[in-house]
C-alpha cells in the first residue's frame, strides 16, 4: 500500500480574454456565422431606417410646452397638446374642482399595486385589501357618504378604462368560477346552459356584444326600467369576460389531481365543501398567471367601448383632438395612449410572469 | 332558498315594471337634471374642452332648455352617443333630448322620435384640394370620395352620382375624423359630409387654404334636436324654447340686455316673449320667466351661433342659410302668442 | 335511508329545474318587452328587409355588387370580405409568427432582442390603436395616384391601393392549363420517385428544383406555342385614379397589416414557448447523431413544437376572426361594418346582430374543428 | 488488438462557463478499443468533459482530436466526428413523436444517406441485439425506462460508430432496470467497441473498464486500472469518494 497523497484542487483561473471581451461577445452573439452576420446587418439597417426619424419627430423637433397654437409651425410632435389635455384624457369630464378624488383613488391604486407586486404582503391581507380598495375608489370617484356625488356620465378617460376593466374582472371572476363549476357540475341541464353561454359568448366578437348592450338592450327592457349606457356596457364586458374566465378556471379545475378530491371526501367533507375548501383554492392558484393574462386582454378590450359612445381613454384622446383650440393633433394623442396602455399591460404581464416563475406552491 | 326567493321577487318587479313611461317634463323636474345626448366629440357642436366641460352649439341648446325648465342652465347630464345609438337612446328614454340630427321622414315616422326645430340648415357638400382644379361636383366623374358610415351622407352621395350619371367610388369610414384624414392624406380625391363639418374639419387641417368646398350641396341636412315620440308636452316645450331663442334674435334681445328689455321694451311681442305680459309660459307648463332664463344662459340664437361657428372661432362658418329669414336665411320662428 | 336517497336525487333535479326555469322565465319576459317596444316604436321585425334594395355603396367587394342590390346581397358581401381578410391574415400571421418565434430563440442577440421588442410592443397595445396607426402610416407613406410607384410594368402602388393587371383568357389558354396540369402531375410523380429512390439507394433527387423548373417552364412554353393567349387588362391612370386591373385597397391592406402584426406577436410567443418546451436533450441527441441544423429543426424540434403551439394558436386564430370586426374603425366593409350601416338605415338591430353571431359562431366552429383535427394528429402517444 | 492507436486525444483542455472554471488542464488519451470509465462527485466536470468530445459543448483552450480530426468551429469537421461518435444520454432523449423504428432510422437515412429498407434492416438487427425487436412499432412514451435506454443505445449503434460515449446511462433508471442496460453495455464492451462511460456503476467499472478516471473540481485527480483504483487509491479524495459510493 503506497502512501496516500492529498488532493489539492488547482485554484480557478480567470477565463482567457478571448472568451470574455467585447469582441468575443460580438462574435458569439452577432457574427457567429455568415448567416448570423447577414441577419445582424439587416437588423442594423432596419434600426437605422426607423430610429432616427422617430427620435427627430418625438424629441428633437417636438414642442413641449405652450398654449393653443404653439404647435402650428412645428415639424415634430406637439406634446404641449398632451400637456393641455392630460386631465381630460385621464379623468374625462370629471368636475375639475373635484379632480383630487380620482387622483387620490389613483394613488391608492398605486399603493395597492405596489403592495401586491412586492410580494411581501400575506395573501390573506391582499385578498382583503383589494375589495377594500375597490370600495374606497368607488366612494372617492362616485361620492356619497359625505362626498359630493359625481354622476357616472362624468366619468371618463383612463379612469373609466381602468374602472371598466377592474369592475369587469372583479365581477366576472366569481361569475366565471360559477360558470366553470356549472359546466363541470354533472347536472345535465345546468351544464348545458353553462356550455351554451360560454361557447356562444366566446364565439362572437366583443363589438357585437357591445352593440347588443348599447343598441339592443333598451329594446329588451320595459320602457321605464332604465339602465344607463355605462352600466349596460359594463354588463356586456362582464358577460364577455366571464365566459373566458370560465374557460381559464376550467383548465385549473382539470389540473387538480383526483387524489385531492378523494382525500377530501375521505375526510368526510360534503361535495360543496370539497369544492370550496380544496378544489377551488388550488385551481385558482394554478391559473393565476392565465387570469392575469385575461386581465390584460380585458383592459385592452375596453378600448372598444369608443364604438358605442363611451369616452374612455382612447375615446377622450379622440374627443380632445376635436377641441376647436387644438384641432389636428390626433397622432400625439394616439402615441400617448399607446405609451400608457403599453406601460400598464407590460407591467401586468411582467407580474404574471414573475408569478409563473415563483410557481403556484410558493404563493403564500 | 333565501337567495332564490329574492331572485323571484326581483323578477316579479321586472315584470310589473312593464308600464307606461312617465312624462319627460315630470321626470326632468323630479330628477333635477336634463339628460342631453351629445356627440363623441365634433368641433363646434359638442366636444369637451381642456377642463372637461362640454361646449358647443348643441351644448348651448341644452343649457337653454335646462335653464327654462330647471332654472339652472348647468343642470345637465351629458351622454355621448355614437351615430348608431342616438335614435334608440332617445326612443327608449335614456336621454331626454338629443343633439341636432338630420330630420328625415323615416326617422320621424318609423323610428320612434319627434323632431323639434331646425337650428342648423346643413347640406352635404364636397371638399376637394385646390390643386385638383375642380370647380363643380359633376366634374368629379371617376373620383373617389370619403364618406362616413351609418349616416345619410353615404346614401346621398350614391343618389347624387346616379342622378348625374357619374361614377364616384366611395370609401366608407366609421368616423368623420378618419374619413377626413384619409382625404387629406390623398387616399380619396374628395371628402363629403355636411358643409358645416367640412368647414370644421378644414379648420383643423395643417393647411386650411389648400382645400375648397364645392358650391353644390346635394342634400338637405336640416339638423334638429329631437325627443321621444309620443310625449307631446315635452316636445312642445323644447320646440318653443328654441323658437323663443330665434324670436329673441329677431327682436334684438341679447344675453346682456334681456332684463332691460323685459323692463323697458314697449313691443308687445317682446313683452309676451319675456313674460312681462300674458302667460305663454303656462302653455308649456312653465312659469313666465322661462325664456328670460334661457336667454340669460346662452343668449339669442345669433349669439349661440357666433359662439360656436362665428368669425372668431377656428371654424368660421358664414351664417348663409342659417341667417334669420329677414336677412335672407331660413331661420324662422313661429309667432309666440 | 330512503329519505336520504330521495334527497340526494331530488336536489339536483330541483336545482336544475329552478335554473332552467328562471332562465326561460327571463327570456319570456325579455321577449314580451321587446315585442311591445318594437310595436310601440313602429319598428318592423323579421328578415324581410334582406330582400329590400339597399341603396348603399360598397367600395371593396369580391362579389359583383351595386347599390341597387338587396340588403341580403350587401350582407353577403360583408361575410365574404370577413372570410377573405381573416383567411389571408391567418396564413400571413402564421408565417410571420413562426419567423418571430424562431427569431426569439435565435443565437443572434440583436435579432432575438428585436423580435422580443416586436412581440412586447404589439401584445401590449390595443388592436384598435394599432389599426389606427397602420392606416394613418400607410396613407402617409404612399404617394398620390399621379406619382405612383411602379415596381413592375403594369403594377402601380399609391395611396388608393395596389393596382395590378387583370389577366383575361383568350382561346388557346386551354393548352397552357393543360401544360400546368401536366407539370403538376409530373412534380407529384417526381416527389414520389425521389422518396422511393431515397428509400432504396439513400439518395433522392433534387426534386424541389426540378419540379419548380417543370411547373414554371412547361406552361410558359405552352403559352408561347399557343400564341400568347392571355390578354392583360392593364390599369391606366384615368382622371383621378387608375381604372381596370385588379386592386388591393389601403383599408384592406391596413386591416390585414394590423391583424397580422398583432396576431403574429401572439403566435410568435406560442412558437417560442413551443420551442422552449422541447427538452434540451432532444437537441443534444439530434446533434450527437450528426443531423444538420436544418434537419434538426424540421425533423426533431418543429414536430414537437406543434404539440404545444396548436391549442394556443387555435385560440389566436379564432380571436383573429373576431378581431377582423374592428374593420369598422378604418372603413373596410366587413360584415360588422355593413351590418352597422344596415342597422342605421333600418333599425333592425336584433336581426342583424343575430346574423352576426350566427356567422361568427359558424366560422369559429369550423376553425376549431379543423384545428382539433390537427391537434389529434400531432398528439404524443403515451402509455 | 491494436491498443496503440489514439482515437481521442485531449490536450490541455480548459473550459469556463462564464467566470466559472469547469475543466482545468485536462489531458487524456483514449486508445482504439479501450474502455474508460469516468467517475467523480457531481459537479466535478465529468459530463462536461465527454460532452466536449463530440462538441456538444465548446471549449476555450486546448485541443481535442477525434479520429485525427481536431474539433474546432469548422462545421464539416464536427459533422464528420458526430457521425463517428455515438452518444447515450442519462435521460435517453428519444424523439417522442417518432416510433422506435423511426428513431433508429432517422440518422442513417438523413445523415448516412442509407436506403430506407437497408436502414430498417440494420435497425431491426440492433433492436434484436438489445432484445426489444418486438417494440419497433411503439412510441417511446409507451416503453419503460430500461427499454427506452436500450433503444437509445441501439439508435447510437445504427450509425455504426467507432466510439460510444455514455453520459450516466443508468442514473435515471429504477434499480431493476439498471441491470438490463448494463448487460447490453457489457456485451458491447466484449465486442471491442471504444467506450467512454461516465457512470457510478462501480461493478460495471470493475468488470469492464480498462482504465478508471477519477475527477474532482474540474480536474483529473487520478487514473488507474480498476484493480489498482479500487484496492490502492493514490489520493485521499479518491478514497473518500470510494468509501461513500461503495458503502452507502
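Observations on the model:
We just call them A, B, C and D in the order they show up, numbering each chain from 1.
The rule is short, and it goes like this: a residue touches a chain if its C-beta (ideal position, glycine included) is under 8 Å from a C-beta of that chain, and two chains touch if they have at least 3 such contacts.
If you're wondering where the values come from, they're calculated on a predicted model, not measured in any experiment.
Common neighbours of chain A and chain D, listed by label, are C.
Of the two chain pairs shown, C-D and A-B, the one joined by more C-beta contacts is A-B. Between the CA-based centres of chain B and chain D the separation comes to 85 Å, rounded to the whole angstrom.
Computed from the mean C-alpha positions, the centre of chain C lies at a distance of 49 Å from the centre of chain D.
Averaged C-alpha coordinates put the centre of chain A at 38 Å from the centre of chain B.
If each chain is reduced to the centroid of its CA atoms, chain A and chain C end up 27 Å from each other. Chain contacts: chain B has residues 14, 18, 84, 88, 92, 174, 181 touching two or more partner chains. Those residues of chain C in touch with two or more other chains are numbered 33, 37, 40, 132, 136, 328-329, 340, 343, 349. Contact of a single residue of chain A with at least two other chains is seen at positions 211, 215, 218-219, 221-223, 306-307. Contact between chains, using the touch rule, shows up for A-B, A-C, A-D, B-C, C-D. If you check the complex, the residues on chain C that touch chain D are 198-203, 279, 281-282, 284-292, 295, 299-300, 303-304, 307, 378, 380-383.
The residues of chain C lying in touch with chain B in their complex are 18, 22, 25-26, 29, 32-33, 36-37, 40-43, 55-59, 67, 132, 135-136, 139-140, 143-144, 159-160, 238-241, 243, 249-251, 328-331, 333, 337, 340-341, 343-345, 347, 349. On the chain A side of its complex with chain B, the touching residues are 84-85, 87-88, 91-96, 151, 153-154, 156, 211, 214-215, 218-219, 221-226, 228-229, 306-311, 315-316, 318-328, 330.
Contact residues of chain D toward chain A in the complex are 14, 16, 18-21, 24-25, 60-61, 216-219, 221, 232-239. Listing the residues of chain A that touch chain C in their complex gives 29-30, 32, 36, 39-40, 43-44, 46-47, 187-190, 193, 199-200, 202-208, 211-212, 215-216, 218-223, 296, 300-301, 303-304, 306-307, 314, 331, 334, 337-338, 341-342, 345-346, 349.
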